[in-house]
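By letter and in written order, the chains are A, B, C and D; residue numbering begins at 1 in each of them.
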Amino acid sequence: MCRIAAYSGPARPLEDIIVKPSHSLLTQSQHAEEAKLAVNGDGFGVSWYRRDDPIPGVYRDVMPAWSDSNLTSLSRMVSSHLFIAHVRASTAGATSRENCHPFVYKNWSFCHNGQVPHIDRVRRRLEAALPDELYHTRRGTTDSELIFLTLLRHGLTQNVDSAWAKTLEDFQPQQDEKPVRMTCVFSDGVSLFAMRYASDGKCPTLYTSAWDSGTLIASEPLSGDAKVWSSVPTDRVIKFGSNEFVEA
Amino acid sequence: MCRIAAYSGPARPLEDIIVKPSHSLLTQSQHAEEAKLAVNGDGFGVSWYRRDDPIPGVYRDVMPAWSDSNLTSLSRMVSSHLFIAHVRASTAGATSRENCHPFVYKNWSFCHNGQVPHIDRVRRRLEAALPDELYHTRRGTTDSELIFLTLLRHGLTQNVDSAWAKTLEDFQPQQDEKPVRMTCVFSDGVSLFAMRYASDGKCPTLYTSAWDSGTLIASEPLSGDAKVWSSVPTDRVIKFGSNEFVEA
Amino acid sequence: MCRIAAYSGPARPLEDIIVKPSHSLLTQSQHAEEAKLAVNGDGFGVSWYRRDDPIPGVYRDVMPAWSDSNLTSLSRMVSSHLFIAHVRASTAGATSRENCHPFVYKNWSFCHNGQVPHIDRVRRRLEAALPDELYHTRRGTTDSELIFLTLLRHGLTQNVDSAWAKTLEDFQPQQDEKPVRMTCVFSDGVSLFAMRYASDGKCPTLYTSAWDSGTLIASEPLSGDAKVWSSVPTDRVIKFGSNEFVEA
Amino acid sequence: MCRIAAYSGPARPLEDIIVKPSHSLLTQSQHAEEAKLAVNGDGFGVSWYRRDDPIPGVYRDVMPAWSDSNLTSLSRMVSSHLFIAHVRASTAGATSRENCHPFVYKNWSFCHNGQVPHIDRVRRRLEAALPDELYHTRRGTTDSELIFLTLLRHGLTQNVDSAWAKTLEDFQPQQDEKPVRMTCVFSDGVSLFAMRYASDGKCPTLYTSAWDSGTLIASEPLSGDAKVWSSVPTDRVIKFGSNEFVEA
C-alpha cells in the first residue's frame, strides 16, 4: 500500500504538496494514517509536466522520500501545473528504481496504490497479450506496471473508460482469491485522472480538494491551505481539471 | 533513536539475530515498539569479527535494512562469534554511509542509540581536543561518531571505565539543555560491552539474554529461542562474555 | 562488455582475486585492457559458496565496484572454495541491482560477458517458452538473465552440454544481424564452468591459471601469484576443478 | 581530477551542456581526454539558479552520471540562466553525496577540480580557523569543501579577489610537498566565476566559449554549437557574464 498526491492547476512548486503541508506526502511516507502500512519507505517518484513539452519529467529513487535531500531541493525549485507524486510501501518485490512509480509511457504517467494478490496467476497471460511495443517497455516486476501496460493495450490513449473496463476484467480475482484493490492516479499531460476500484468494495482511500483554482488529489488529506476534502467516487474514472488555466 | 542487536558466543549465522527471530532487528527496523520512532529506515550496519583477525568486517548502507537483499544473503552466509548490528533512525543529519553505525577504529566497533541535543555547542571543542590521528579518521557528521572518538581519546583501548567517565563529563548538558541519553554497544573483538546512561535517568532500552552458551543484547527482546530477557543495568559499563568458547 | 573473475580450490579470501592482485577485478573495473569498454562501472556482483550449504551467497550493487567500501571489507572477511565475481559495463539497459550479475537460481549462479544484439527480436519468444517457475523468477531486463533462464529451461541442471547446444541455437543471429558473443562463467556449487562462444568466432577473452591446488578464471590475467595464464578453449563447455579439496 | 561544465546566459535546458553536445559532460564522465583520470564515475552534481530565488537547487548523487536516468530527465526538464555541473573522480575519500560537488552555502555554489596533496597537514588548522557558522556547515571530508569554506571565511561574499588571495596562501604547499592545483568554478547566483591556480603552474584545464549571448565554461570543449573555445586565464579570478539577459 502506497501513498499518492497529485495536483492540477496554476503552476505551483512541487513542494507545496510534497513537502510543506503539515500532513504532506513526505509526512505520509513516515506516518500514514489511513493505510495498512504506516511506513512508505521503499522508494518514491514524481512525474511532472511542462506546458511546452508533452513528455513528463520523472525523478524516482529507492531511498525513503523523507531522507532524500535531492527531492527537497527539486521540489522547491521546480514548479508545474500538473504533477503526480508517489511514495512506495512494497508488499512484495524488490526495492529498485524500475519498480518505483510513476511509470511513464510517452505523455502518460501512472501511479497505483493497492494489491493484486493473484498477480502470479495472471501475469504470464497478460504479458503475453501485450503488443510488441508495450512488451519491450517493461522495466520492473510490479503488478502496478502491468496494470498500466494493460490499460495501454486496451486503448487508454483513445478511450480511458473502456480501457479501464477491459483492464478490470483482466484483473478480476477468481472466487477463492483475495480481493483486487486499486486506487490509481494518472495523467496524459492535459488532465488528471483517478480510478478507485476494489472487487470487495474496499478501495484504498483517495481524497480531493479545490485549491485556489486548482485541484488536489491525495491518499490522505494534506492539511494545508486546502480546507475541505471529499472522498473521490469509486468504480468509475474521474477526470479532474481540464487545464484551462493561465500560468500563475 | 535507533535499534541495536549484538551477540557474543559460539559462532552463529548473523541471520539468527538480524533476520530470523519474530521480533528480529529487521522487524524492529519497521516496527520498533519501545522507541520514540517506530521506523528505523535511515540506513543500517553490521560489524562482525573472525577469530583469526582482530579487524572486524563492516557492511553499511543507506537503504532501509528491510529492503536490502544483500543484507539477507550476507546474514545467512556469514557466521561469527561476535557481532553488532544497528538500524538507524536519524533525528538530524544526512542519510549517508559515513553516518551509519557501527563506527570502526582498528579492532574496535561502536554503535549508539540516543541523543545529544546540545551537540552543536560541544562539537567544536571536542573535535579540537582529538589527537591528530583520531581527528583524521572522522568520516561523517553524527554525534555518535564523536562520542566514539572521544572515548578513544580518553583511553578506551586501555581502560574502558575511565574512558567512559571522562567522556560522559565531556557530553554533560548545561542546566537549561535537554537531557543527554546514550545506550551504546561496542566491542574490542574480544568482549562485548554496553553502556546505558541518561542525564535524566531515562536511558534508551537495552535487554540481554543468555542463548545456549552465548549472550544476546538487543534494544528490544528478539522473541526468538532466547526466552528470558532482562534489562541491562545503567550508569556503568557492562562487559559480556569473555569469548572463552570453542567454535560451534 | 563486462569483466569476470572466478575461483575454485582450497578456500581463499575473496580479496585474493577481487582486490589484491595488481590487475585485480577491481582494477579491471577501472582499466580493462582487453575489453571494448575500458570502464566497467555499472554495478558489480559476487556469488560465493559454503561447503555446507548448496545455495550461494550473493552481494550485488549498482555503484562502481571500485568505490564500494562494503565490497572491500566483505572480500577480506569472507573466504570461499568457490566464487564468481563480475563487474558490469552496460551497453544498454538500466543500472539496477536486478540487472547485476551473478544471477542465481537455487544452487546455480551465472555470469555473462558479451552481446546479443538481436535480443529484442528473440526476447518475447524465449520468455514465452519458459516454464512458469522460471518465468516468475525473472527480475531484470538483461539479455544475460534470459540466457541463464533459457539454459535452465533446456536442462542445465541435468546436462550442461546439451543445455548449451540448445540455448546457442535459440540465440543464433539471422543472416543480417550482428554476431552473438558470449563468454559465460557459472557454477552449480560443485564445479566451475565456462563457455566461450561467438557466432563470428570473436569470443570475449577468458583466461585460466592454476593457483596452488586451485583454479582461477578471469577475463584478463590477474597478474598475481599465478604466473602462467592460458586462454580458455572456445565453442564447448569447460569444467574446472571438481572440488576434491580439503579446507585450507 | 574531475570535470566541470557551467553556463551563464539566456535560460537553457541543462541538457544543452550536460547531455546533448557530442563531448558533453556526460561523455566526459566516461571518456575525459585532458584529465589524469579518464573516468569520472564517483558521483556527480549540478547546482542551478532561478531568477526569483537566490538559493540554488542542487542535485547530487553517488552513481556515475552516465547511468543516472534521473539526471537525464531533470536536465531535459529544467532550464536555467546559470548553472554549474560536476562529475567526480575521487583520488581519495569516500564516494558519498556529502562529498559530491557543487557545495552550496546560501546563494553560493562551488566546484573544484584539482588536488591538495598535503591536505592532512593543513586540514586541522584550517578547520579550526573557521567561524562557528561555517564550521557547522561541513558535511563531508573533501579538500574541495574545505577550500570553499576557507574562501567564505576570507570574505568571498564581500571581495572575491582578496578571499582567493588569502585562501591560496592558506593552501600553499611546503618546499618538499607536491604541488597544489585547483581549477574552481563558482557562482553567487549573479555571476559565474572561475579561478585556475597551480603552485607548479600546471593548472587543470578550463575552456570558455561564447554561445549565442551566453557563456560556456568547461574542463574540455563540449564540441557542440559553440565553435571557438579559448583557455581560461590562470592565476586570477575571472568573472563571466553579468546576467544582464532577458529570459529567452
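Assume a residue touches a chain if its C-beta (ideal position, glycine included) is under 8 Å from a C-beta of that chain, and two chains touch if they have at least 3 such contacts.
Since we're looking at a predicted model, the values are computed, not measured.
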{"item": "Partner chains that subunit B and subunit C have in common", "value": "A, D"}
{"item": "Contact-richer chain pair (by C-beta pairs counted) among A-B and A-D", "value": "A-D"}
{"item": "Inter-centroid spacing, subunit D versus subunit A (mean Cα positions, whole Å)", "value": "37"}
{"item": "Separation of subunit A from subunit B, taking each centre as the mean of its C-alpha atoms, in whole Å", "value": "39"}
{"item": "Contacts with two or more other chains, residues of subunit D listed in rising order", "value": "69, 94, 97"}
{"item": "Residue ranges of subunit A in contact with subunit D within the complex", "value": "48, 50, 53, 55, 57-61, 69-70, 73-74, 76-78, 97"}
{"item": "Contact set on subunit D toward subunit B in their complex", "value": "94, 96-98, 120, 123-124, 127-128, 132, 135-136, 138-141"}
{"item": "Residue ranges of subunit C in contact with subunit D within the complex", "value": "30, 38-39, 41-42, 62-64, 67, 69, 90, 94-95"}
